[in-house]
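Following: one structure in structure tokens, then a few remarks.
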Amino acid sequence: MAYRLGDLAEQVGAELRGDADCEVVRVSQLQNALPGAISFLANSRYLKHLADTRASAVIISPELAQESPVAVLVSDNPYLCYARVADILHPTALFKAGIHPTSVIAEDANIADDVCIGPCSVIEAGSWIGQRVYIGPGCVVGAGSRIGRESRLVANVTLCTRSNIGERVLIHPGAVIGSDGFGLANDRGKWIKVPQLGGVTIGNDVEIGANTTIDCGTINDTIIADGVKLDNQIQIAHNVEIGENTAIAGCAGIAGSTRVGKNCTIGGGVGLAGHLEIGDDIHFSGQSLVTRSFTEPGHYSGNLPAVATGEWRKTVARIRRMNDMMQRLKALEKRVEALDTEHKPD
Amino acid sequence: MAYRLGDLAEQVGAELRGDADCEVVRVSQLQNALPGAISFLANSRYLKHLADTRASAVIISPELAQESPVAVLVSDNPYLCYARVADILHPTALFKAGIHPTSVIAEDANIADDVCIGPCSVIEAGSWIGQRVYIGPGCVVGAGSRIGRESRLVANVTLCTRSNIGERVLIHPGAVIGSDGFGLANDRGKWIKVPQLGGVTIGNDVEIGANTTIDCGTINDTIIADGVKLDNQIQIAHNVEIGENTAIAGCAGIAGSTRVGKNCTIGGGVGLAGHLEIGDDIHFSGQSLVTRSFTEPGHYSGNLPAVATGEWRKTVARIRRMNDMMQRLKALEKRVEALDTEHKPD
Amino acid sequence: MAYRLGDLAEQVGAELRGDADCEVVRVSQLQNALPGAISFLANSRYLKHLADTRASAVIISPELAQESPVAVLVSDNPYLCYARVADILHPTALFKAGIHPTSVIAEDANIADDVCIGPCSVIEAGSWIGQRVYIGPGCVVGAGSRIGRESRLVANVTLCTRSNIGERVLIHPGAVIGSDGFGLANDRGKWIKVPQLGGVTIGNDVEIGANTTIDCGTINDTIIADGVKLDNQIQIAHNVEIGENTAIAGCAGIAGSTRVGKNCTIGGGVGLAGHLEIGDDIHFSGQSLVTRSFTEPGHYSGNLPAVATGEWRKTVARIRRMNDMMQRLKALEKRVEALDTEHKPD
């Protein structure tokens, strides 16, 4: 559907500089946009594509607005403005309510009238499913689970028993919520399973990526607060708690009972040890290993970027020989001390 | 169901100090227990919650027993004792045997009478499924697989062809057993697939976490011995062998043909290169990279914990300039040598 | 089926030294082969097993051929030659075309006559499925997806909408193709989802491992070129592009918009940051972290191999005190300079 730039600007609260009657029908990247498209510039590395863009309009910051050869929607946060424009031009398709005949629904499941349950999905006993929930094909909703209104399980999602999902939660394929925590007691060399009796509580407006796993708690629940965003392939262990609006990138792992505060960002592949307390507004860069609690807001790192292997081998050898280096430094200090002393009386 | 403390103590072999007739009905954490709950203290970081606990009883070590304000079950291994108590108070629900009509069972599959096969599960040709096996919804049991008695596939588990699962094995959702190993031969730049003809053999009493993957062997089997415990999101490559009672934490990866001994622990996110021999009783701390064989029992590490990013940047710069540092140290040694020599004759 | 060595040698283009009429029926490892088996020696660490092998024949390099106690197929690339022999002796079972009655196929899906669609699989609206495609049990093929001829989805694979899969592509269980990218704009502390409107384009002869995830692009497609091989548990973020014949080992992760060239190899657990340009013929060793672009062909590393924990702790302490070491070195340099100056006039 076509939108007038003037209408779009008004809807998203941006300042339009250009022809309000110009119409756009889609979003595009700067470098391959065609007329009829609206693009955006939110990362200076793509500035080089601005001059030649064929887009009908560009969403841009005030500082760069006058460099655009075409109409602009000016916004202090062009990426956010773009997200809103994209939502208007390409709205999520509405689904048709209905329960597919190949799905298997427990008799005592409590299911709102206007949900969609796709083929080959299984809703176990005692589940509660709110209004406008979408459950795609191949999903399993374990006994006693609860899914708040307008949440969406895309496909092949598994909720184990006692999963409590908030409203407007989006869960991508292959995600597993509420699997047993890794609780083991050692009995003279053999591992004895510690029963995992808790559940998982997921707040509202949470997004959970493909193949991400969130274990149930041992006694109490694992808790993911409102607005948390989890990328793909993340592992959240039992009794972890994640505070509001914290975002975690792919392949990160958080060990048991660690609590992460609000508004944190955790980079890809980061590992957090168990039983830590991470405060609010804390940011870990990619592949860092976190072995102690941090309460001071700020950025933390512990990763070594790759360099040419030859150079790296020398570095590793040097690191291995740091003790030797320190010994030689100390010896030299003593010797210079001695020299100095001898020298002084001269 | 309510249990007398006296009976519980006897069943789990703990010493009761307190009222044998006091009844408990559930387990709880120290800090939020209510009367009727039994709690435990196995990690000294939770000692602070002991004095104020409202639990009816606490499972505790002999050293700390007299600090408890309530009845205690004294055990040298309180966590193990807790696991047993939790099992008694909250036993795993028995399942009702039966094959759901929406499951698809190959005609020649050999299935014991008292199994449960859930909805939308598929059992392929030539499978053998033992007594009291539970196969939850959405599982696939590939052709020629074998599942020993009392094993449990929770939901959406995939066993590929030639998976041989022992007894009392617990496999969590999304786990994939027996997928092709990553075997590639290079033909002038193009990768040619090496047929993956082996299977996977899993021993008894193994637990396999959510979304963990275990590849089949190239010719012979990949082998997971009795009592091995695997957390979520672990990758086990073709022809790996894991010895008895080894426990591996989430997100670890083991490359092809590596053999790990008995009673090892491998921390979260650890990576083991291929073709290594790791002996018994070896422990790798989280996120370590293992590039050579280790046979000596002990603890091994190679990870750098995160610190404030500003501090870290300086450290990385210093590491990069270690060669320079070494050169300067050597120059200084020569110079001091020279000074010394000149000085001596004075 | 039995093959004459003479025929095998001819079919795979290897030089036979030995009895052309000797027959083999299977492949085996050197160390546990029985007569009737053909084995191979491609890695010198297994040379020790050659002298005692009971295999009927061994595939081997020219340099080692005369050390074999049995007939040899001589090849400059024994592993490749083995792959071809294994393919001949153990061909992939042909499937019987047909659509299982428990699968759910959208009316407007365009499906070739000779495909196989297994039980409990779901093919959504507007899909196009080419000749001799095999879709195993429990798969979901999202709306508007396209699967080229002779591709194979093993089981429980999820293709989201707009997944475009080439020919002869092999996708293992639990893989998720086309899930939403992790695109978030921040609105005064809250994360707003950026619509993920692109698709995924996978070339021909690609292999995708178990539980690997490939996100769709934000506007344009995420692209995996012909001949790319991806191991298990890999995360490929939105708008990543991977060039021809690049192979990536398990647990690696590539962040958004990074482009990797042709003929690269990426080791297990490697992490690539977003928006990078990695050229052709670039190789990253396992668990490296890549934070900048590399264009020069070669090998790059940044990982620290594990050592005994006691030794490691000292090393970490030294690394932490490198600033101190540098200060002491500088102080010493000054002092020696001073000594030298004082000394000279003597």
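Order of writing sets the labels: A, B and C. Residues in every chain begin at 1.
Operating definition for what follows: contacts are C-beta pairs under 8 Å (C-beta built on N, C-alpha and C of every residue); 3 or more make two chains touch, one makes a residue touch a chain.
Since the model is a prediction, treat every value here as computed from it, not as a measurement.
K.L.:
Chain A and chain C are the same sequence; what rotation (0 to 180°, nearest 5) superposes their CA atoms?
P.N.:
Here the rotation carrying chain A onto chain C measures out at 120 degrees.
K.L.:
With over half of the numbers shared counting as same, classify the chain A/chain B interface as same or different.
P.N.:
Since fewer than half of the residue numbers are used by both chains, the interface counts as different.
K.L.:
Any idea how many Å lie between the Cα centroids of chain A and chain B?
P.N.:
That pair's centroid distance is 24 Å.
K.L.:
Would you pick out the residues of chain C that each touch at least 2 other chains?
P.N.:
In chain C, the residues touching two or more other chains are 102, 120, 138, 156, 174, 211, 233, 251, 269, 303-305, 319, 322, 325, 329, 332, 336, 339, 343, 346.
K.L.:
Quick one: in the complex, what on chain C touches chain B?
P.N.:
Listed in rising order, the residues of chain C that touch chain B are 27-29, 32, 43, 45, 77, 79-80, 82-84, 86-87, 90, 92, 100, 102, 118-120, 136-138, 154-156, 170, 172-174, 207, 209-211, 227, 229, 231-233, 245, 247, 249-251, 263, 268-269, 286-287, 303-310, 312-313, 316, 319-320, 322-323, 325-326, 329, 332-333, 336, 339-340, 343, 346.
K.L.:
Which positions of chain C touch chain A when the two form their complex?
P.N.:
Chain C reaches chain A through residues 102, 104, 120-122, 124, 138, 140, 142, 156, 158, 160, 174, 176, 179-180, 182-187, 189-195, 197, 211, 213, 215, 219-220, 233, 235, 237, 251, 253, 255, 269, 271, 273, 275, 284-285, 288-292, 298-305, 314-315, 318-319, 322, 325, 328-329, 332, 335-336, 339, 342-343, 346.
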